[in-house]
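Every chain is named by a letter (A, B, C and D) in the order it is written, and numbering of its residues begins at 1.
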Amino acid sequence: MDRKVRMGIVGGGYGAFIGAVHRIACRLDGYIELVCGAFDVDPNKSKEFGKEVFLPSDRVYGTYKEMIEAEAKLPEGERMDFVSIVTPNHVHHPVAMAALSNGFHVACEKPMTVNVQEAKELQQKVRETGLLFLLTHTYTGYPMVQHARKMVQEGQLGKIRRIVVEYPQGWMAQRTEDTGCQQASWRVDPTQAGGSFTMGDIGTHAANLAETISGLKITEMCADLHTYVSGRKLDDDGNILLKFEDGATGLLWASGIAVGEENGLNIRIYGEKGGLTWRQEEPNTLIAAWLDKPKQILRTGIDEADDTRVPPGHPEGYLEAFANLYVHFAKAIADVKAGKSASPQTHGFPSVDEGVRGMAFIEGAVESSKKQSWIKFPV
Amino acid sequence: MDRKVRMGIVGGGYGAFIGAVHRIACRLDGYIELVCGAFDVDPNKSKEFGKEVFLPSDRVYGTYKEMIEAEAKLPEGERMDFVSIVTPNHVHHPVAMAALSNGFHVACEKPMTVNVQEAKELQQKVRETGLLFLLTHTYTGYPMVQHARKMVQEGQLGKIRRIVVEYPQGWMAQRTEDTGCQQASWRVDPTQAGGSFTMGDIGTHAANLAETISGLKITEMCADLHTYVSGRKLDDDGNILLKFEDGATGLLWASGIAVGEENGLNIRIYGEKGGLTWRQEEPNTLIAAWLDKPKQILRTGIDEADDTRVPPGHPEGYLEAFANLYVHFAKAIADVKAGKSASPQTHGFPSVDEGVRGMAFIEGAVESSKKQSWIKFPV
Amino acid sequence: MDRKVRMGIVGGGYGAFIGAVHRIACRLDGYIELVCGAFDVDPNKSKEFGKEVFLPSDRVYGTYKEMIEAEAKLPEGERMDFVSIVTPNHVHHPVAMAALSNGFHVACEKPMTVNVQEAKELQQKVRETGLLFLLTHTYTGYPMVQHARKMVQEGQLGKIRRIVVEYPQGWMAQRTEDTGCQQASWRVDPTQAGGSFTMGDIGTHAANLAETISGLKITEMCADLHTYVSGRKLDDDGNILLKFEDGATGLLWASGIAVGEENGLNIRIYGEKGGLTWRQEEPNTLIAAWLDKPKQILRTGIDEADDTRVPPGHPEGYLEAFANLYVHFAKAIADVKAGKSASPQTHGFPSVDEGVRGMAFIEGAVESSKKQSWIKFPV
Amino acid sequence: MDRKVRMGIVGGGYGAFIGAVHRIACRLDGYIELVCGAFDVDPNKSKEFGKEVFLPSDRVYGTYKEMIEAEAKLPEGERMDFVSIVTPNHVHHPVAMAALSNGFHVACEKPMTVNVQEAKELQQKVRETGLLFLLTHTYTGYPMVQHARKMVQEGQLGKIRRIVVEYPQGWMAQRTEDTGCQQASWRVDPTQAGGSFTMGDIGTHAANLAETISGLKITEMCADLHTYVSGRKLDDDGNILLKFEDGATGLLWASGIAVGEENGLNIRIYGEKGGLTWRQEEPNTLIAAWLDKPKQILRTGIDEADDTRVPPGHPEGYLEAFANLYVHFAKAIADVKAGKSASPQTHGFPSVDEGVRGMAFIEGAVESSKKQSWIKFPV
């Protein structure tokens, strides 16, 4: 039986950050093998980069189209099983559509596309093809995030009343995009990033985290986005009031200019009977508070052992969370290859529906902020 | 010379919380002497309570009017110098007006009144009489809050961009007002508390903290208040988007239903060059973050020695912060008695102007939430 | 009835630290009134200092002998009830003996004397006179320390196996005694401080904390004391292996040269079924760990309401802990004055027996370190 | 050029913990390929386990001898480059000797052997063969541990005075070895684990961490080891006083019975000018304290970027630290294969000399505890 799953990559060459992360995440648990890639818009750079990652030269392609065509012709058991898309946002949609059209499963970075329209097309395509689609909302791969979600589902917190989710970063507090940092420049370029920097790059993670843990969908929003660093075309900071299903309310803020913040995603969620606090930078701890008993310190490996590799107190972090999503996705692909059914729901990974909501969140934030008023959530 | 300052108290008898706090705060540093009181609306209970605090019976009064009249007739050096008002909110205004009219300085709990109209009358009265007025925004009495304020004033953070201030509590997550808890029942009674529970009781502290540290005034707000516990006439939770002078923006939330939160006032403030984080529950630490050097842990007694009594690492807390305000106020009164000039600005304590802004904040929050839209700050 | 308790002070004048702390601690709760003092070895300075603390000049004395004689002649209801001794260590014994001999209760700073011999004399004197004696091991006045003690007593942790207690400070990492700091100079002068700086000044607090919480007495010790700052006659750092009754073992270390440490007393105690962690610098939190359930965050005001003044989340600190000891002591004195029985055990405060053990701990540490070997605990 | 490095594994089959960790650590960065293994003392289980890790059956061996012989016959470029030994302690020595004798580099779990004698033989063998030897003292692979080491080397802390290193765990507080947990049973079996459980399993990590960061060697020790859980032949808890070169002193404790502790390795180190604190469970933070400026929070990715893979705030943990050691080791092997020189010092990894000191530490601890006295460090 062929349990190893084969990955091709589009993007993630020299100067990229998230491409390397995807490669590590895939290698970590030994289920996924990188077999091909189109790493750069410059075919020469793509070729050269292929050597860095030990690929044979005939599996390193100049363009994603070339890769998809060539791989499709290879025999099963040799050709890639799925494409991982780690390009700037505006390239997600065409690559994903091409991959799906040629029968390949897709793993895609968030935000899924640059607008809701594209997102819905992709959703439609996934439904039509029946292929698997992984949207890498990394932070849902942490064991304590899944534990929080389970606690809410089991009703331990009672009816949810309030959600506060924050995603502060400080690396864009100055004109980082002028320093030759490729990571910075595309993120504040509307043609590559879409309509919002903060909400597209990080706010969408925060919104997804809130919806994932609470199981509640955002229904209304009132946003106030700002550009603090002069000369930027996109926002670099934003605050949003939220209303959720079932009467819950909340706050979301995301910022690139919060000096001193590294990657400070965190969430607090309060129900009738209990409350939870989780911080991404110390991801193995989940604080649970209760109406009538002491606060508890819940810990990876003790209170939640799923998706862990080492005993309690041996910290697992971001790469492991990322790997968890890929393991779930790889197992789904392996099951499909073995003739079994598999889905995001059964195998546990974020997918194209989350992508559509993510794009709607971004568009809604931009619209609400422009109008300076409450709006209904766009989808 | 007569440096001791004499205090009379209105309110704070049996079952009260904040009255005891005022008495401790005044005793702590030995500058203030409690000389008289009208502790309860029931004159018998007032008399009885006077014994508890070691007052001679002829200085324990049945009503505040009686107290103000009688004390006014006593010779200087014997009569009270100021009245401390620790009643439910709706009684602040009449007592303060009577005290000021009879030549007594006033210390008053927040929120200062039950509406802006009353607050402005009091402001006018203070201006006319030239008497001193202390509004006990306790949290500004912490050394590290004052240190943060100085750092902003000195421009260490650069221009301020973003302020996040939170005041979560969880004690009202259930119908605490039905348990015989007097603290709870008056706070959710509109006739005693005014138009908002969360914004009047705690949100006004948060707003004051943000304005005090940043030196920036709120100019616009968009609030969303809620009542989660059924049967309540006032909100028990609320979120507010803020705009400040000079283009800064922010968020404020306050809640009585945030299960597991005790008295979680905290603030984060981000400027062009640095950021600060302070949490009331661990008040002796202030985290400072910088664009280009490591984060610093600033500490009471090391980085800020003003208004401290013991060496670093000997924690001073809420009562000491409270006492700091009273010490500043008492020194101002002593200076006035010695024929010198004194004011909230020169001696460092919150006063009637902060009270007017506080009432405007509360009314604005209620109005904005009702309209579900942005409004200009009411004053 | 006369419930107020009257205090006289010996020591604690200009330049002193702990004298001011005792005065604040006594004022805090309103049960104790400072009525007289002999504040300085220089009678003029003593007189002058008396004015600072609002004492009438006829109750400010030139020497402790003068004070004890004069006060003894005053009528009950006017004369002091107890003497608080806040001088350097070598003066504790003579003052305490004189006070007890004249019928006054005594509150005394630790270490109780400068050697075990003196300590035993004092113990004998207390037993003979039947008077009350408070040894101000401040840290046992924290509510969460008392809570920890109760948890151990109730068997919640099971049989105690291991105790780790630390008291790091960093203020003596350089020659602080050369900077004119009176606090530093007497502490490293053998004629005033006794045989050890670290073990006398702070190690004895740590040993007392360990014995108080665990309820177990130290039986053997192996110490290694050091002097790191050149020119000092006493140690400024030390490590000690401990054995306790019932087979428990432990570690104690104390240091004046631990750069960056403020007043870092902390304890961890592990039993068969649970473990506890408490840190003096964040004294309102006690972490409890269990064999088979999540760690708990226990909090002042929620899990332990005794000896608190304000609701949970309003931090009480060092001065309040100090005041707690004085309140217990004052209540004991008031009971004695009212003809009731009272003792350290019934009213909850450290006394002369703890003082004898403290002196034995210090002498044992010095002896064991000199011998570089294990010794039996000296008493 | 052949930059990939090939690994063979001895041990780490079903039920093992550390074998899986080694495999993940080697995969993480893509430089090392698992090519063969002898996973279990039962050849059938070894074969079966080989399938789990996707090895071809002809590269899965029944015994380590078989593996070493067979691999030695394979051509370069195909045969393994090094053997990773992840068996119980008593098997380390024979496998390592065999591997080295046949020209293979060796990676070996700690403790290196079961006694000093074996350790010295291995040291001699490594010197004779000139082959590379990695001892997996994982915790030195954390970026902030290396940063701390550099800070000490650069003299930022001044002369080191005091070192406190702790390694508390709680998983052996009960008879875990009776629950079928293979991890527990061999660790308390003297024939497999050597003379000490706590000092062999975890104390040796702590001692290595102290020596690595401080650059100072332990010269004397006074240990007190205990067995708290009845029926155990080896200690499960221990305290040690330490003296280091150059007059530094310290404390080390390690425990398997510290209820509530997971994997709590931590170190505090104090010099004349500064102090450092590092905790393994939050490994991306290093607190630096200074005589005359505020404490600093140093962070992985900001203050130390070496050996990191993702931006600041994306936590890297235990597996990444492990991988760092393997990357350094693999680069050294690749350099040797490319005809360059390479050593533990030039490439940065712990080796056989640390192994000898580790074994001496364990033997010294046992001897000192038996004698209940100070001893010289055995090597």
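Simple rule for what comes next: contacts are C-beta pairs under 8 Å (C-beta built on N, C-alpha and C of every residue); 3 or more make two chains touch, one makes a residue touch a chain.
Given the structure is predicted, the values throughout are model-derived calculations rather than measurements.
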Seminar exercise, completed: Most remote chain w.r.t. Chain A, using mean C-alpha positions, is C
For this session: Have a look at B-C, C-D or A-D and name the one that copies the A-B interface, over half of its contact pairs being the same.
Result: C-D
Exercise. From the C-alpha centre of chain B to that of chain C, how far is it in Å?
Worked result: 35
Exercise. How big is the gap, in whole Å, between where the Cα atoms of chain C centre and where those of chain D centre?
Worked result: 44
Exercise. How far is the middle of chain B from the middle of chain D, if each middle is the mean of its Cα atoms, in Å?
Worked result: 56
Exercise. Which chain B residues reach two or more other chains?
Worked result: 261, 287-288, 295, 299, 302
Problem set entry | chain B residues within the chain D interface of the complex | 287-288, 294-299, 302-303
Problem set entry | Residue numbers on chain A that touch chain B, as the complex places them | 161-162, 164, 166, 170, 173-174, 222, 224, 226, 228, 237, 239, 241, 243, 249-251, 253, 255, 257-261, 268, 270-275, 287-291, 295, 372-374
For this session: Enumerate the contact residues on chain C facing chain B in the complex.
Result: 3-4, 17, 20-21, 23-24, 27-30, 53-54, 169, 171, 261-264, 280-284, 299, 301-302, 309-320
